[in-house]
Structure formats: structure tokens, C-alpha cells
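We call the chains A, B, C and D, going by the order they appear; numbering starts again at 1 in every chain.
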Amino acid sequence: MTYTEKMLDAYPAEINIDHRQLASVIDALEACAQACTACADACLSEPADRLPMLSRCIRDNLDCAAICSTTAAVLSRHTGYDANLSRAQVQAAIQATKTCGDSCSEHSSRHEHCRICAEACRETERALKALMPQLEPTSATTGPPSQSAPQQQQPR
Amino acid sequence: MTYTEKMLDAYPAEINIDHRQLASVIDALEACAQACTACADACLSEPADRLPMLSRCIRDNLDCAAICSTTAAVLSRHTGYDANLSRAQVQAAIQATKTCGDSCSEHSSRHEHCRICAEACRETERALKALMPQLEPTSATTGPPSQSAPQQQQPR
Amino acid sequence: MTYTEKMLDAYPAEINIDHRQLASVIDALEACAQACTACADACLSEPADRLPMLSRCIRDNLDCAAICSTTAAVLSRHTGYDANLSRAQVQAAIQATKTCGDSCSEHSSRHEHCRICAEACRETERALKALMPQLEPTSATTGPPSQSAPQQQQPR
Amino acid sequence: MTYTEKMLDAYPAEINIDHRQLASVIDALEACAQACTACADACLSEPADRLPMLSRCIRDNLDCAAICSTTAAVLSRHTGYDANLSRAQVQAAIQATKTCGDSCSEHSSRHEHCRICAEACRETERALKALMPQLEPTSATTGPPSQSAPQQQQPR
């Protein structure tokens, strides 16, 4: 069990999403951010005749790393949960992993780091898409928004 | 003229958005991220009887700081521009500044730092909304996506 | 094997540090950053009578999260390696994990999230200290700094 | 007056550093981070025959951007101030701005974005060095560390 799941279990209020699923999404986002940071750097160390073909890939790596990292942080916070914000940021991460996964895939046969990074992007994109339906605000709400959203009930 | 605008002018290819407008959005995002980081910390130093009311505000500050900072970085990159990605991340930032602006506004009369931070959020939200129409892919495109998007033409 | 280690193995030049050790440091830093982000948020959801005692812990969590995350990124880059920079940032991370570990330890008996976070901080502090001697520039250098440092040889 | 300085003035406890100086350091760090992010991307859009010479510069830009941004956040927090942590992170930022300033300077005559970025790095390095003496713990302390450090007195 990763620290991520342990911390979800130790959160002092209810989180109305399956802890294991949420932890695996957060961990996927962080592994993807790490792969993208490493892939951007690996691209920079490719030989001079290869590097120019990789400039777009590097840019997409950098965006994807920053977006995945920010999204992991947003999904790690449950105090005053706002479904609209989580959904908008997850949507941006789905786009970032798709864009970067596409870029890296173009170079997978030539560069092992692009192949691995594309795999991390695709895996994270799938995990994010599977999470989206869980981030819907509940339909019947009686309290203020921060209390009726799926991830946060009343503090004990 | 800020470094942001100078750097846009020094970019070695065309950026098809007004440099001054884009620079002012990026600068607003960074000023907002800074205000949110400072507001979260100022809330933490409020007296014990005030702090519990500010926990949601702190959380929104932290999300808004991370999202604005990431969005500024995405908008500062023009190599291999992808309109879908920029738009999705800007959309998340619009939501983050709205959510955080609303949270801080609730405490504006009691806490000057919340009043100032709400102002930074509102200003950034307006700037982002004004930028959105400029991030549309151009309608008539002949080249591949990375060359037909508004922010990026062929490298010289 | 994590993506981190796979990416080190796929890097297109030599990295003169044991890949397994370096990967475990980077992974510890990211797990620690994640635990700190989650601990700050868990503290914010503690009851009103507990929250004021946790304000310093929250601040230390936020610093430690940002510093660990940045240090992981610095250690994930090997192009043009600069031992002085890596060492200075690792030193800052050693201090951040110590400070945060101390803060969280004070609340370990009352708050499980602080106990887990303190554990993540101590583990990361130990891993960073064990890495430091490996970041020394080699004594006998003939090339420019970027080529004589332990983490980077000539690109193949 | 920037939001940074306004937020320092609105902080609900004493900050024992001149607000204007501290604000100017934080603003310099954020302007430098922005310049570095933009310079890395501008380098990526340079022609194929120039790009390989810029790979180290891009790497230094990315480190410097992340480190400056993290350092700005650390210096923006005053709750439970820890002089050792601030000093260690500022030290890392001094090294990052020096390393990146040196890298960019090598390309200043060829690339305007490197010239501007080097200027931002040098300016920030100077501001950080001038701040260091202010981050010394006060010599005569009676309370616990968090109360005797220069940046933080007792909350009002």
C-alpha cells in the first residue's frame, strides 16, 4: 500500500470515492509527471541529428509533467471539495496525457524513453477517464456545495 | 515592460496572439498564484477562533496557486502549440480563480489578505475569459495541427 | 521496477550513479511530497479545537511538498549535470524533510496522518543523506564541468 | 505596489524583514522563473543547427524555473518560520540563478531570449545574496525557534 492510500485512510472525514481507486489515480499522475520530466531530459541528450525532431515532444512532456503534478495535488485535497474544480483540472490532465502520449508515441520505435513515457501517459489517461464519473456532484443535495459533493461529507 | 512581454518579443517564431495581452494574462496568473500562496499562509496565522472558518479558503488558495502557476507555464510555451490543451488548462484556471475568489470574498470584510486575494482572483478570471476566444484553432487550416493553431506559425 | 528506474535505464548517456539508488531517492521524494500535501489537507479538516495547534505543521508540510517535488525534478535531469546545483537543492530537501518530520512527529500520537507523514519525511531524509556523497564532483577532471561530474559522461 | 508587497503588509503578525525588500526578492524570483520557462521554450524553437548547442541551457532553465518558484513560495510563508530552511532554499536558488545565468550568458550574443534571461538570473542572484544576512536567526533568543526567528514574532 502506498503512502497515498494510507493518507486517504487517515483523512479525518469521509471521502466518498473508493480510496484504492483514488490513490491509484494520484499515484499514476505522479508516476506520469516523473516519466515526462525524465523523457524531456532524455530527449535533450539525444544526438544533434535527432534533437530537432523532438522539440515538440519535449514541450508536451513539460506541460504534461506540470499538469499531472498539479492535478495530483488537487485530487489529494478533500477539505471544502468543489466538484467543478476537480472536474476541470482532471479534464485538463486528460488532454495533457493524450497530447503527450500522442507525441511520445511518434518516437516510440526510435527512443525507448518515449515508448515508456507514452505508456505512462496512456495508463494515466485511462485512469483519469475512469475517475471522471465519480467526480459528479450528487444529484440530491440539501447542504451547501462543499458538503454535498461526493468527496467530502461533514467533518466528524 | 515586464520580462514576460520581452520574452514573447524575443521568441524566435511567430506567436499569433497580441503579445501585450498574452503577457498581461501570464503576469496576472503569476501575481494571483503569489497572492494565493500568501493568503493561505496569512490565514494560518489568524487567531485560533478565526482559523477554523478559514480552512476551506486555505484549501482553495492552495489549489488556485498551483493551477495558476501551471497555467502560466503552459501559456508561456509556444513550441508545438496545441489549442485543445491550452484551452482545457485555461478553463481549469477560470474555475480555480472563480472558486477561490468566492471563498476569499466571504472573508473580505474581516481579513484584508482575503480582500486583496479575492481582487487578484477576479482580475485573473476576467483576463483568462478575455483570452479564451483567442485560443480557438483557426478555421481554415492547411498544415498539421501544430502549425495551424493561432499561437504558432512555422519556425523561421 | 518503477517508471523512474526504467527511465534512468533508458537515458541515452551514462549516469554515473547507481540507477536503483537514484530511482529510490527520486521515488521517496515524490512519495514524501504527496504525503505532505495530503497531511496539510488532513490537518485542515481536523476539528476546530485541534486546528490552531497544527498551523505550523501545515506550513512545514507545504514547504516540504514543494521542495521535495522540485528536488525530484532536479535529480531527474542529467543533461549538463552541475554537481553544485544538485548538492545545494538536496541540502535544502534534507533540511525541509527534517523540519517537517520534526513538526509532524509532535502530533504523531494524536493524528495518524502526521505519524505517516513523519515516517515519509524521515525515510526521505535518510535517502537524501545517503545520496549526498555520490554527488561529489570527481576529483580528477580533464573536461569541462558538465562532463566531469559523476552523473554525466559524454553523450554516446 | 505589487500584490506581493500588499500581502506582506496584510499579514496578521509581524514579519521582521523590510517588506519592500522581501517583496522585491519574491517578485524577482517569480519574474526569473517566468523568464527561464520562456527561455527554455524559445530555445526549443531555434533552428535545427542551433538547438543542440542549447540543450544544457534548456536544462538549466528548467531547474532554475522550478527552484525560483519553490523559493518564492517558501519566502512567502511566515507562519512557524524556520531560518535554517529558508537559508538552505535561498542558497539553492543562488546556485540555480548563477548556473543558469552562466549558461544563458554563453548564448547572449546569438539569442536575445538568452540575453534577457541571463539578466533576470543575475538580478535575482544579487537580490537573494542581499537577502541572506537578513535570514540569520537572531542571536539572543528566549522562546522556541519558531518565535525567535527574524521573520516571525508572536502572532498578535
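We take it that a residue touches a chain if its C-beta (ideal position, glycine included) is under 8 Å from a C-beta of that chain, and two chains touch if they have at least 3 such contacts.
Just so it is clear, the structure is predicted and the values come from calculations on it, not from any experiment.
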Most distant chain from subunit C by Cα centroid: B
Fitting subunit A to subunit B on CA atoms, where both chains share a sequence, rotation angle to nearest 5 degrees: 180
B-C compared against C-D, more contacting pairs: C-D
Whole-Å separation of chain centres (CA-atom averages), subunit C against subunit D: 19
Subunit B and subunit C, separation of their C-alpha mean positions in angstrom: 28
In subunit A, residues with contacts to at least two other chains: 41, 44-45, 55, 58-59, 62, 69, 73, 77, 79
Residue ranges of subunit D touching subunit C (in the complex, touch as defined): 55-56, 58-60, 62-63, 66-67, 69-70, 73-74, 77, 79-80, 82, 84-85, 88-89, 91-92, 94-96, 99, 103, 146
Contacting residues of subunit C [partner subunit A, same complex]: 2-4, 6-8, 10-13, 26, 30-32, 34-35, 37-39, 41-42, 44-47, 65, 69, 72-73, 76-79, 111-113, 116-117, 120, 155
Subunit D residues within the subunit A interface of the complex: 40-41, 44-45, 48, 51-52, 55, 58-59, 62
